[in-house]
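The structures come next, written out as structure tokens.
The two complexes that follow have subunit A in common; it is paired with subunit B in the first and with subunit C in the second.
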Partner chain A sequence: MFLRRLGLGTLIAARLLLAYHPALLHLQDDAQLSSPLTSYKRLLEGIFLFQNGVDPYTGGTFRHSPLLLALFSTAFPLSSTTAPIIWLAFDLLGAVSLAKIYHSRTQARDRNRNFVLVAFYLLNPYQLLPSLARSTASIENALSLLASAFACSGKSSYALLALAFLTHLSMPAVLLTLPISLLILRGPHSSLATPTAFHSWSKLIPLIAEYSIYVGILSITASSIAGGVHWSYKTWGAFLTLPDLTPNPGLWWYFFTEMFDHFRPFFLATFSIHMAIYVVPLSLKFQHDPLFAAYIILGIVGLLKPYPTLADAGLFLTLLGVFPEIYQYLRTPIVTALLHLHSSLLLPLFHKLWLSQGTGNANFFYASTLVFALANGFAILDALQAGLRVGLGTRPDGWELVQI
Partner chain B sequence: MILSCDFLAAQAYSDRFTESLVIRPLEDGKVASLFTFTTLMAHASGRDPINDSEDKPQHYTIFPLSLGQILREYAITELHLTLNAGKWDYLHWGTPEDADVGSGAEMWAWMADGGADSIDSRWVGVRNAVSGLLCASLSSLSIQRTTSPLLAFPPLGDLPVIRPTNQTDASKQYHLRHASLPSEHVCTENLTPFLKLLPCKSSSGLASLLNPHKLFDADWHGMGVHVRWLERKGVEVKLTFQAVVDPVRYSPTHSRDASLGSMFDRAIEKPCPVAAESMIQVKSPTDAVFHLSPDAHMENGIAVYDLAEAEYPLDISLRWPAELSFNYLFSSVHTSAPIRVTRVLRDASQTHGRLTVSIINESNHTQYVAYLETVPWFIQFYLHTLRITVDGEPRPDLLHRLSYTPAIPHADPTVFEPIFTLPPLKALRFTMEVEKAFLRYTEHPPDAQRGWDLPPAVVLPIQNPDLPFPISPYKSQRIYTSTLLVDLPTPDFSMPYNVILMTSTLVALFFANIFNTLTRRFVWIQTAVA
Partner chain C sequence: MGASQGVVRQLMLRLPSCLLALLLSFLAVGQQTNPVDEFFTRTSSTHTNNWAVLVCASRYWFNYRHMANALGMYRTVKRLGIPDSNIILMLADDVACNTRNKFPGSVYANQGRRLDLYGDNIEVDYRGYEVTVENFIRLLTGRVEDSVPRSKRLLTDERSNVFVYMTGHGGNEFLKFQDNEEISAFDIADAFEQMWQKKRYNELFFMIDTCQANTMYSKFYSPNILATGSSMLDENSYSHENDADIGVAVIDKFTHHVLSYLEGINKTSKANFKDFFETYNFETIRSHAGVRSDLFDRKLEDTLLTDFFGGVAQVEVMDIPPNPSVQEPLVKPDQKLAQEGVDDAFPRSIPRQSLSHVNPPGMSGWRLWLGCALMVGLVLVVGVFRG
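Showing the complex of A and B:
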């Protein structure tokens, strides 16, 4: 008990110490930790313009939600003193939500396990570094965990409201509506081993309607903050049209840098639609365990979204701690881990070689983003097949499992 | 006889053509010369875009027809175009005779609002027409370069009131479009059509000195076309050619003696008969014994030659008889410019940079300046990092007013227009972080690794910083900074097919494996007999 508290205190103190360290300020410029849509510097620029009477949504620098603009220009003014505390608070919110999700899923009162989850969330480099870079991706992660935690404990309105906020910050989160609504209806208990059909699909309609109302209300609020609806073209529109081609660890930026101009709209539409087609099949397949469906969809969105950061991969890896029942069925955990190791070394190295040293070119960094995508793809596929495999029980001697 | 006929014709249509050449020896031994050819179409005015039709009959005598048609077609009230090559050295050359010395091509126009065609479509039209007229690649001055600055480019003439309204300010009915292309260079192909706009071409008068072989060998050269409307006078077109030649470089003995013959390889054989006034002025230096031949009529220390009374062929020579060879001491520079500006973009990487500008007030009284930075969208400013210092001390109070238009990706440029207070004999320095954008591979020029030229920043000293936007009657001279070369990150241009192929393969593999796992059924099969 005392040791856990001491450990947690040390963790928080260490995080704060790191966040205030001036040598780590350059992380804010790192393209892998914050995309143009989550960058702290651009957030500061937007707030500065907003407070000085220039509409930040006329230009292309600022693409954050007006809700963040209002939050950080009034209630929580950002400065080098307050920002580390705010980001740590969001991380703690995410960590506590993660422990809450684990607790509601397993019903286990295992405080050591909770501490391990919290520590993993706070120390996972894919989460820690974006948070030190003050990327708003950390806020998005905390909100998606918060929405899931509320859904797990059956607080439908809070869950949907948190999801609506998340949708305002990052549009692809709209794809989580279906699994989160299912989660509210079916509960978080692990049913991977005992699949049962879900019959009351019509009960989803009021939940999705409620979510739409929240998004609508938040949009009206955002429009009144920004003085018009033009903010939506700059924030949500960026997810569909990819106006900023700053490199990130995702698959879109180099594809659309090198795209022929007359094919650009076609492939933009293809990539956007492709991200959405996984939602219904996964929700149907895992209708007995919607938390697991939400987990896989979260991973797929993190892999395929237009402006991902390392925080998206970090969230998927951290959430793996909630599903201990699938560990024994993972087929390629070592390959996945090695691919992640490989890409997390190559990504910053090749980024620096291309853009700072001038000794490499864009292809080097592109290649390492492909490895990173491969690592995430392997992790998602492995978790998916393990989730299906749980229901089939242990292998009897002399029998093999095949897919037909 | 010919002279008198032309005189009568000029009287009948009241068009008036004047020409002048100003020669100024510079401190560092070079010689600046400015040719000005002014044609006034009396009592004419630009087309009113609402009420006048485009096909009203027009009569032209010595006003250039091809230019007049363009002005009429697009209803341009005021048009300015400059094509310069090189960097004007304010420190050693002082203030130029003609202020618009920004490197590359620069064009701006004042147009009245209204009518069927929008301001922007007329701007595109006039840009393309003038680019055809002068054989310049002005069509590259696309929306990515077009801005409407508030202060730095006020109308030089008057703006006719086209709609009687309650507004006393006619300027509200007018719009400015400005664009500059620093990588454009002026050369012979621009000079030939330029000469065709003159009534005497290059066959007589001052224009006969415009010898491309010498002009384009000069240390700095530039041409300008300036059209404006003057109330009670008419439409005036002023064609200018400015050059800085270096006689020391031409002379085998390194003397700075110069003459029309040595500078332009020609003497004036005869005057232009339609010129109502034709003058050469030589501004004599004060630092050494200086001899001028033939003898000139002196006015306030300026030697004036009237071509109507001169003896031909006319070759003016400037000599420093006491000097055997010329040595310029760079250490003894004393500048006459009241304000000097330097601008640098420092960058450690291809993604981020820091813009540093220092504006030095050389006079011993406080001055106000409007600074204008128009950079294409691929340089994005972080305005919250703007720091203003004097002698290392932060002085945010010196920013008097700021107007800022952020850039729009793949379209509009940034317009950054602050007004600064300059303390006497101090250097104001401001820095700002900038971010360089990543371009699509089709947006890069063919020589992408060369980098991009950023247009020169403009500084305009102003008398009263509190006058309201948008236009105030500031008639002081603009100061241009040098252009900047910025290194943008480039993709690999040979990769489109490879990238499409590799990314698509990865996405397809992922898609196939997910749906393979989801749709196919798991079954147990017996592999060994129990």
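Showing the complex of A and C:
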């Protein structure tokens, strides 16, 4: 146990020291690790503009929530010494929440497992690199894990409050309301193998109302910070109208660079609806295990959201550690792993080839984002079918499994 | 004797100063004329800006030398100071990017390929099939459609010296454009007359390198035109040298002669046209190059090469005495300006000094703290009442 604690301490200390390395400042510019909505440089720009008497929401650079603006101008001032500590704190929050989720789900105090989960969360390159790049996607990850952890513990108000904070940072998190509320009502215990129906749907309404109240209060707070409601057009509006077409590992930007203005509203609506339509069916299908539903929805949102980063895919992969019961039913884990390896190498390569060297063009990078999407899609579908397969149980010898 | 010698000596000593005084008095009398008029009636050139129209009128790969002629002239004219905005370069074909070009993107005018004329900083204004007789005449006369961009217009004025250079295949009083049409000497003469009527040139220098070139300037009738051609009636103009790797002739003899001569001068040169025309000889050019200067009212020895080939303007700095009837300045110097410096005169959107004390529009420091307090308060309230 002492060794475990020592290992954990060493890991955290090494991680903190690594964050101070000057060469890592280049990561802040990387498009895979931070999107226009999560970039550290834009956060600093917004704070600077505010401190020099300019409303940061009048331009197009600053798209963070006013809550972050307030937090990082006053309580947690950002500098080259404090920022790594702040981001490490959020990472630790996420790691502790992850361990809590696992503990709530399996009810076993497996400290080894906890250590492995925490270490994996801190070391997963999909999450380590955005954190070193000080992308606020790490904060979003930490908050979604925190919301899930509170929901698993039954602390409904904390969970919904965390979710409200998360919604202010990243609007697609509103799609998590239904699974988190179900999780609060149903509990996190693994019942993939023994699916039972959920009957108290009407109890969802007070939870969703409470969540809406929290979001409303936070919106009033944000409006009082920003001195108006124009911040919502720049932050939440960015998810709906896609004003910034900076290349990112997502699927939206390339499509909309060559979109005629006439069709733009239609396709924006289509893409947004596409992201939203999976929530209700998945919640219904996995009503017996809402944590798994939340997991799959997290994956889908990470795949289909307007401005994703690697952190979104990383969250999905890390959370796979919470569901060990589906491992034996995963059919294409090697393909998924290799696709992720492939895309994680191609994405920065083609980005540099296109935008730094000029020897490639946008299609190279777009192809690598397609591979990345394929990797994510494989992971989601594999986990999904494994989750369903668990419910069918082990196949006895001499019997066949047939879909009718 | 001694006294008179002394007087004579005194006079001799004082003579230079007397003469000087006499001279200065003459000059003082002469200074009554308007210095501005003097500027424009001197024997040196009276132009204030230079333009060049360089036309290569033939297409196809085997007319590489005509493109090289025009590009060589373009380079020289640019080197001597005419900016791209004042040069209209018309190339009827693109040999640099021709599939037969062994050195793609480059055009050379000498046998060893020592100098790339195409480079990466040239502006071709009329290219390919845009080089037509109609476009050329419209360019000269200024009768272009509204949609024609500025870079394709000849925006000359009354004080512009225009250099028109044409090269291609020609004959007795005609020049072939694009292998399917011709411009005649009468057309060019009428175009120049229109230019004169519309005050579109101060002086015009016309140079043409084709077969029987001198016939092309025989029909001019407008004043202030100086013309030269590469060969006379019934005489061919010849190409100068081939490059073995390019496979075709790369420059013509007459243009090569002109460009070699111009390589020897720079912007400050005082070389004049008389000396330049005297270098024409049959042994190097292999044809009888001609000059027409009867329409040109200045003497050739007073006309500098840079008056047409270069972008050198004549400048005289004059002292204009202050006119006592001039009003007070329209803008009173602000007292505040004198004290506080330039910042207030040129307000910036983000003022130079740090403005922690100035309230930004709609946002203030207290709002941030209020926001933080509200967030913390919400967390506490939720924790207390619903935890």
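Here is the rule we use: the second predicted complex is superposed on the first by the 404 of 404 C-alpha atoms of A that agree within 3 Å, B and C clash if a C-alpha of one lies under 4 Å from a C-alpha of the other, contacts with A are read in each partner's own complex, and residues count from 1 in each chain.
What we mean here is this: a contact is a pair of C-beta atoms (placed from the backbone, for glycine too) under 8 Å apart; a residue touches a chain by one contact, two chains touch by 3 or more.
A quick note: this is a predicted structure, and the numbers were derived from the prediction, not measured.
In this overlay on subunit A, subunit B clashes with subunit C. Within the superposed three-chain arrangement, the count of touched residues of subunit A is higher for B, of the candidates subunit B and subunit C.
By the touch criterion defined above, A:L401 reaches subunit B but does not reach subunit C. In the overlay built on the shared chain, the residue A:G228 is in contact with subunit C alone; subunit B does not reach it. In the superposed pair of complexes, A:T332 makes contact with neither subunit B nor subunit C.
Legend: residue contacts after superposition of the two complexes on their common chain; A:S212 is shown touching neither subunit B nor subunit C. Judged by the touch definition given at the top, the superposed model places A:Q28 against neither subunit B nor subunit C.
Of the two partner chains placed by the overlay, subunit B and subunit C both lie in contact with A:V54.
By the touch criterion defined above, A:S153 reaches neither subunit B nor subunit C.
In the superposed model, A:L67 lies in contact with subunit C only, and not with subunit B. Stretch 346-354 is the one of subunit C that runs into subunit B, the other listed stretches 94-102, 184-192, 238-246 or 346-354 having no clashing C-alpha atoms. Comparing the two interfaces of subunit A, the one with subunit B and the one with subunit C have residues 52, 54 in common. By the touch rule above, subunit A contacts subunit C in their complex via residues 50-55, 66-67, 69-71, 73-75, 155-158, 161, 214, 217-218, 220-222, 224-228.
Those residues of subunit C whose C-beta lies close enough to touch subunit A in the complex are 349-351, 354-356, 358-363, 367-372, 374-375, 378-379, 382-383, 386-387. Interface of subunit A with subunit B (complex): residues 29, 31, 41, 44-45, 47-49, 52, 54, 56, 58-62, 243-247, 251, 253-261, 274, 278, 281-282, 285, 300, 303-304, 354-356, 358, 361-363, 366, 370, 373-374, 377, 380-381, 384-385, 388-389, 392, 395-404. If you check the complex, the residues on subunit B that touch subunit A are 348-352, 377, 380-384, 402, 404-410, 414, 433, 435, 437-442, 489-492, 495-496, 499-500, 502-503, 506-507, 509-511, 513-518, 520-530.
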